[in-house]
Structures are given as structure tokens and as C-alpha cells.
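First chain A sits with chain B, and in the next complex the same chain sits with chain C.
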Partner chain A sequence: MTSRTIYGTQKTMELICPAGTPSALRAAVEAGSDAVYCGFRNETNARNFPGLNFDDEELREGVAYAHSRAAKVLVALNTFARAGNFGIWQRAAEQAVSAGADALIVADLGLIDWARKAFPEQRIHLSVQAAAATVPAIRFYVEHFGVRRVVLPRVLTVDEIAAIAADGACEIEVFAFGGLCVMAEGRCLLSSYATGESPNMNGVCSPAAHVAYAQEGTDLAARLNGFTIDRYPDGQPAAYPTLCKGRFSCGGKTMHVFEEPTSLNTIEILPALQRAGVSALKIEGRQRGKAYPDSDGARLPRGVGCFAFGAANAIAGAVSIYRR
Partner chain B sequence: MQITIGPVLFNWSNPEWADFYARIAEEAPVDRVVLGEVICSKRTPFRSDAIGDVVERLERAGKDVVLATLALPTLKREIAEIGETAGGDHMIEVNDIAAVYQLGGRAHVVGPFINVYNEHTLKVLEGLGARTVCLPPELPAQSIRAIAACRTTADIEVLAFGRAPLAVSARCYHARLHNLTKDSCRYVCDQDRDGLDVDTLDGQKFLAVNGIATMASGVTVLGRELTTLADAGVSRIRLSPHTCDMVAVSAAYRDLCDGRIDAAELMAVIQQQPLPGAIVNGYVHGRAGSVFA
Partner chain C sequence: MSVLPLLPLQFAAARMFQNALAQHPRMASRLGAHALKRFAIDPVDCPFSFILEPKADAPRLTVVPSLADQVYDARIAAPLLVLLGLLDGRYDGDALFFTRDLMIEGDTAAVLALRNAIEEADIDPAEVLGLPKQVAPFVTERYRSLAMHLRQALGAPPEINCGSGSQ
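On to the complex of A and B.
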């Protein structure tokens, strides 16, 4: 495993895979991920979906397993702590640190401040949910709270990433593959406007409990809490009704007003990302478990492998994680 | 209860923008006026000639003037402009954490685009110079109460009137809709003075686009909730400008806050206004923001 290095001395890009469940964590580590990221089974993480995530004991086991294979575990505490209930987020941070997490991925300013004081030695990464996309925003978190790495929003160009990395305030992590938020992450309330539940407050976006499909004549309507997000003529495959990926009427047009139902894939620009000074690549998709596209998705770990794995069997293993 | 007129979030023409503030200065019974461009820096050059006169007029009328800054600064020029604004004589309203960094601890207002979800975040921001914090629109009353209970140096403000801003994006949706790029947008957002409606394919009113911002279709109107919010420690309400008669709206809020009318009478005044969307208040009740509870 050529890419496994101690933080701070690493030269190649670290590959960080999603671990929605303990078995996904093992699979990702076995496949050769340099690190995995995961969260607790509650509202402290932004993938608070049924059937996903870890309890305290599972995290301890997961960290022990990952460390036995020289892989790191990054724990996402990336929602915004609910007022009056800060203790839930504090406990999650305590459990993560106690389990041996290599880093906490945090978005909430209050939680970052608390964690920095409670665990001065703990490595803290700034979650993409904090939407720090400029040099002064990143310096703010580095200088005030000692943040060691920032996860950049998915909408930046390679040149913009390079300019931020060149400032050298901290390590830069970018999303390499998966869901694409076209809104500034952590600054989008569309989901709570439609359903009452949002990424920031509840760790969910366009939650499944509010989804309904209805066959209406030849159309299949996909709705979120009663709002029609798209309609599919007979036989056309229907997508999950994620709010910002829907078709709407606007200004006399019917179109994907915000974004097409597409995903992010950086396979073509991986060398450019490395030249830009990116330290780590993150694969989105803790909610996807072991199921991931065999077609497009499988291409990324292969490409990443050129830089981060360097071993054919590891690439094959990584590919196997992402089979749908 | 103090009343704040929030910044105009839409691309109004210069004369319309200046006339609006002239009327606010002379006729609106409000305490503070926040003005300046929040959504798109390309709109700013059209304002810079007029803003000096507008500020002077507002201050002569006894209004406390705060200068707003961008919600999503990305270009070096935009960041530099925030620094220049911050270096002036007026308190500024920050809407991105980059601006907090640039202020270096100077007193400021925290706008609704900054994520303040709990009392610990409030404490951090107070320590950095926050004197007013306008909370994010999605917070329920319970959270507002818990946050306000811990305030020391900052007043707590909530949006009481107007379309709530729901998201910002690197992409300009007005430009996208017109098959233009953000850089060559021809300022098409100036056609939609309260935002451009985004309806579902079944004709439901849903959202509104405004440049890089996505807004609620529904217009937040808090009336009877203000008693609870005042009791919770909220000391300022924000009225976000629309093309309806904002003097009438602010006068009705002044009357409600001073006990001259009740919430039903406020609602009656507001319902007479040509609002761009249905009246909603779900967020403060802990429900979907799109509903009226």
C-alpha cells in the first residue's frame, strides 16, 4: 500500500471511502482505502438515514480494524447542533475521540470551538457543510480553531482549488465522485422548506419518509411531501426526488432549473487535482452501502488507484465495493 | 421590539432602489435599515453612485444604518470589497464567514446567511464582535428561545416578513434559465423584482430564483408569534423588502409591537398587499417552511 503515510508527510492523494455501515468499513479498508469516514446513528451526522451508521461499540471495532490495517477513520459530526441539545453533539465527539478517531469532521462553529478546547490534540477537519470556499474563510477556521484540513465545496473549478491550496493554510480535500450539491453545502434550506427536515438540522435532504410516487395516467409523478419534483412519461426511469434535481416550470420554461440529475465524476481531472495541491479525495455516498455504480462508479477507483493505491489487487477490491 | 428593514435582495433599478429608501427614510417607523448588495457583486456598480446619498438621507431621518455584504463572495475583488466596506464608518452585516475573518474582531451584525444554530455558536460569534445576530430562517421557536437565553452582547433578530432566502449557489439560476453564463448574464434578474417563481409541474407554487439565491415562494409573515418570540428574548424583527408597500407593512408591525393593533389586524393589513406568494410561517412552528400553521 504505497500511499499509506503519516498525516503531514503525505505526498500522494489520500483516498477516503464512505462507510455507511461496519461491513462497508471493512470492505473499504480491505479494498485499500487510505481512510474511511463514517458517523453515528443519530442526528449528529449528515447521513442520518435508516439502517445506516455506527453505534459506539461498532465505531470502536471499526477503528480497531482500520488501524490494524493502517487505515484511518474520520468521524463525521457534520450537522449543526440543535440549540438546547448541545450535549448530544458533545457526547458524539467524546465517543469518537475515545474510540480513536483519526479526525473529527465538523461543520458547526460552536462544536468546532468546543471540540478544540475539549480535545486540544484531536485533529479536526472542516466539513464541506461549513461551505468554506475562499482563503479568508479557511484561514478563519485554521487560525481560530486549528483546523487541519478543509473539505471544499463540489462546485469549485480546478483553478479555484489550486488557488486555495496555494495559500497553504491547511490540507485540502475534495470530493472525487458521487452526489453533487449545486447549492453551497450547509447553506441550503430547500429540504426543510418542503418537508420540515434539513441537512443542517436533521442530517437529511429530501428524506425518504416524505417521498411518494404516483402513477397518474401515463405519467409517474415523484413527489416530496406533496410537492411534485418531477414527472416521468410511461416507461422512463424515475429518479429519486432530490429537490434541486427536479424539473420545474420557471419563466415559461420547463427544465431542471437548478441542476440535472447528474453526479460528480472527476476521473478525467485527477492528475490536475493532484497538481493543484489536493491532499485527499473523498468518495461521496455513505448512504449507498456496498451498492455503487458498476459502470461509472467503478471507473473512479481505477483512476484513483493510479495515484492513491498503486496496487492492482487494491484497485480490484475498491472496484468491488462500488458494485451496484 | 426594534424593527429592521433588511437589505433589498432583488435587482431593482437604481431609481427604484433610491426611491424605496427615500420613502423608508421619511415614512417608515423602523429603527434600523440594512442596505447594500447581498446576492451578486455584478449589481453593485449600479448602486455605488447612489448609496452615499441614500445613507445620508436615512441617517438624517434617525435610522441606524448597517451595510450588508455578500452572502457568497468567491472572487478576490469581492473579498477586497468586503474589506473596504468593513473599513468604513458603518457597522457591517456579515453573510459569509470570510467577512468575519476580515473584520478581525470589530463590532458587526451577523446576517441570516451565517449558520447560527445553537447557543455555543452564538457565544463564539459574540466573542468575535457580533452585536446583532439575525438567525437563519429555518429555526423553530424552541431553538430561538434556547439561543436567545444565552445571549450577552448580541441582540437576537428574526425574519418576520418576506420571502426567506433558502440557498445560495455558485451558479446563477437567472442566467441558466436564459441560457446565459454568469459572466455574460445581461443582468436578466432585473426583470423579476420579487424573484422569479419556480412552480412544480403540477402548478404548485414552490420556490423563487433570484440570481444565485433560491428563495421561498411563500412569504414569511410572523404576527401572533411575536409575543412568544419577544418573551423568548428576541428584540429585533427583520422585514425583508418586496415591491409591495413596505411603509404600510412596517407601520403595521410598529403598531403591533407597540400594542396599537393585534395580530389579526396586522394580518389584515398584509393580506391587502400584493404579495408575491402565499403567507407562510411553518419554520417558527417547527414545521415545513412552506406551510401556514
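On to the complex of A and C.
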């Protein structure tokens, strides 16, 4: 049973699903997501990925659709504004508010300040891209800009999350499933070094324009701007070339130098996250392809990637159990 | 294959392509700058390939006997039934690529843009055939059932599970 809650008084964890496209938004809402997050098809969106995202009209239609089914739409304006070109970010905020967005997910201090003054009633969430991970940092955003929720980095432990939540400055949102980024999100110097681009401003840490696959003999080589990130012999599953999860030759050995290619999956610690005071669970993956809701009434968000099907289904099911 | 047998296929493919574009006019804008790219669609088990040019002012789908002499920005290769399944939303492109059932070469960003645009369009086979709405659901259902059985019989990768949710 779903219990829709009002922001600020909720007792259960909200499930927030990615919507890379309007059809993913509709599918996530149909599958029972409490909220979806999405962004514009421009540089105001940290997932400005080829072929994804919304224009103004699509956002209006998406918000209307979600609201007609009691779901919320959170709009990510989570890049850092370029010097001398703040107008793009202002217009995006105006369009999102005008479309009826339930919250703006923002990282840039200037944009937060401007949006707070321009739209005093608008709910503002602090994006993970702002990298606020301590009580003083979060208090700063809450006290000065009225931020209502913070999205925490995904490398924190449950105890660290609980300590932040115990301060009670604002609602706490955490990632429940997706890639496990070990860097300060959006500021990966490794990615910037390899691609010459900002992970915050150019879509992702491995921009598709820099990705190339090449069949070389029996190996498939996955490269990022000419750097070989991994090689996959025939028959071995391949992967998207993410720098920190690559296999490199180092000290005479070929290995995962930075981290194992492990994904984040909180299914087993959901009760602990709820006890820790988490308000909302975010499933990562606006750039993933659509998966499909099942016909058994399980609350599967369709907007998540096929690879995430099982875990997302389980997380969604677990969240719904806590609401009973 | 000689040029002559490709003519009926060219006619049918071009017609279906125009039908799909007419039903989904936002596809080109979703592709952005990638709408100007040339995509080679290569059904590896067929004696022909396609060159897709989705540019908004003059979209074109051309059947070619071989890609050997063609210039393109990206190549997408898989058995025909797999490619049709991608078009029809029966497969997840990422999953197929990672399991090596789909091959891409060239401009990865363009391929992703095309994948995302097609997925957003939710293309219906009956729409592509230009069938009237009265018979479209029946035809789509029959087509999908036939294609699924063919894929199973030929050992193609399993379709995305739309029914049990037990994956």
C-alpha cells in the first residue's frame, strides 16, 4: 500500500526514480514511484546526455502527468553556472517553477541564492554535486538559503548518515542503488584529466563523445579519450569505460587499481537507513535504458536500467513494505 | 545480392521510416546535433544493410548491399531479429551491448542519442506499417508474439521480461 506523504511531515522513506525521458517519467509514475527526478536538455543538467532529458513543453506535460497521479517531479538544475552566462540557469529555474516542479535540485550557491529570492515558496533540494557531507556544511545551506533537503554523497556509512540526520537541519536523501562513486561527485579530477572536461558540466564522468570501443583481435577494447580503460576477451561481458572502475597495468600486474567495479545496492540496509532518519531513497540512472514494470503489482520503477531490474524491484518492494 | 532485389526492400523500408517519423516528430529534435550523423545499421545475418540519416529536413533510410563503400559515423550491428527487437522496445540496448550481442563502432555519443530517441518514441510496429488504428493493436500483438517465438527458436537473447517481474 502506498502512503503518499506531505513534505516535512513524512514518516516513511520516499522512493525517487530517474526519468531520463518523458516515457521513463510516465512509466516510473505508473509503477508507483513517489517522485521522479529529471532535467532539461541543456547544460543546466549534470546528466546532459545525448538524446536524453526534457524540453520546456515535455517538462510541463510530465509534471501534469505526475501530479495527476499524486507523484512529484524534482527538477535537477545541478551544474555550476558558467561565468557570464547565468541567464541559462535563471531561465531553467523559471521554466521549472512555471511547469510546477515540486522541488529544484541545485548545487550552485549563486543559483540557490537567486532562486530563493526569486521564488521564496519554491522547495529547494541541495544536489549531491554540492558535496555537502558535514553538519556545518548542511546547516550553512539550510540557515542561509532555506534548503529543505540534502542529497548525501554515496560513500557515507550508515552511522555517518545517522549523525547528519540527527542534527535535524533538513531532510536527508541518499542513493539506494546505482554506480558507487568514490570521488567528490561531479569533481573527479581523474575524469577531468582524461577527458579535459568537467564531470559536472559535461554530462557524466565518462562523456559518450569520448568513449570508443574497438574490436582488436579477440578483445574488445573500451577507451575513454584514447585511454584504454579495460579489455574484454570474447565471451566476457563488457562495460562502459568508467575510469575509476577500469583495469590497468600497474607494477607488473593488471588489476582494478582504484576500485572494484561494484555498484551500490542498499537493499540489505534499508531498515538501518530508515532508523538513521533518511527521508528519501534515490535510484540512480537517468542515462540507463528503460526497464519494464511487472504485472504482479510490484512497485518496479520503469525508469531504471535493465541491469538494475532485480535490485530496483526489491528496493521498491521493500520500501512499500515499510509503508504498510 | 544484385541491386534489383533490394528495390522492394528499399521501398518498404523508406515507407516504414516515413511512417515512424510522422508518428514521432520529436525524434529529430531529441537527437540534436546527432541528427546530422550517418548511421550504418548492419543486420549481420542478412545480405544487406541500412544507412540511416535522420536529419530533420531530409530524413532518409537507404538499403545498401554492403557497407564496404559507405561512409558513416557509427555502425550498429546485430542479427536482424535483435535489431528489430531494439526498435520495438523488446531489448535493452545497454544490456545487449554488455553481453556482446550487439556491436557498435564509431561515434558512441551518436549511437546513444539514437538509442535514447528510439526508446523515447516507443515505436509501435503497426504504426510503422501505417495500419489503421482499428487493427493496429491486433497486428502489433501478433507481430510481437511471432517475433518472440522466432527469437526463442533461433536462440536470440531473451527479451526484457515484461510479464513476471521475476528477473
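As a convention for this text, the second predicted complex is superposed on the first by the 279 of 324 C-alpha atoms of A that agree within 3 Å, B and C clash if a C-alpha of one lies under 4 Å from a C-alpha of the other, contacts with A are read in each partner's own complex, and residues count from 1 in each chain.
Convention: contacts are C-beta pairs under 8 Å (C-beta built on N, C-alpha and C of every residue); 3 or more make two chains touch, one makes a residue touch a chain.
Quick caveat: nothing in here was measured; it's all calculated off a predicted structure.
Contacts of A:103 after superposition on the shared chain: neither chain B nor chain C is touched. In the superposed pair of complexes, A:66 makes contact with neither chain B nor chain C. When both complexes are overlaid on chain A, the residue A:128 reaches neither chain B nor chain C. Once the two complexes are overlaid on the shared chain, A:253 sits against chain B while remaining clear of chain C.
In the superposition on chain A, contact of A:215 is made with chain C only, not with chain B.
The wider contact with chain A, measured as residues touched, comes from B rather than the other of chain B and chain C.
When both complexes are overlaid on chain A, the residue A:205 reaches neither chain B nor chain C. Of the two partner chains, neither chain B nor chain C is touched by A:38.
The touching residues of chain A, when paired with chain B in their complex, are 80-84, 86, 107-111, 113-114, 130, 132-137, 139-141, 143, 153, 155-156, 160, 182-184, 186-190, 192-196, 198, 200-201, 221, 225-231, 244, 246-251, 253-255, 257-259. Residue ranges of chain C in contact with chain A, taken from their complex: 29-32, 34, 89, 92-95, 97-100, 103-105, 107-110, 112-117, 119-120, 122, 160-167. The part of chain B that touches chain A in the complex is made up of residues 72-74, 79, 96-102, 113, 115-125, 136-139, 142-147, 164, 166-171, 173, 176-178, 196-204, 206-207, 209, 214, 216, 282-283, 286-290.
Residue ranges of chain A in contact with chain C, taken from their complex: 20-24, 41, 49-52, 55, 207-209, 211-215, 220, 232, 234-240, 288-296, 298, 300, 305-307, 309-310, 313.
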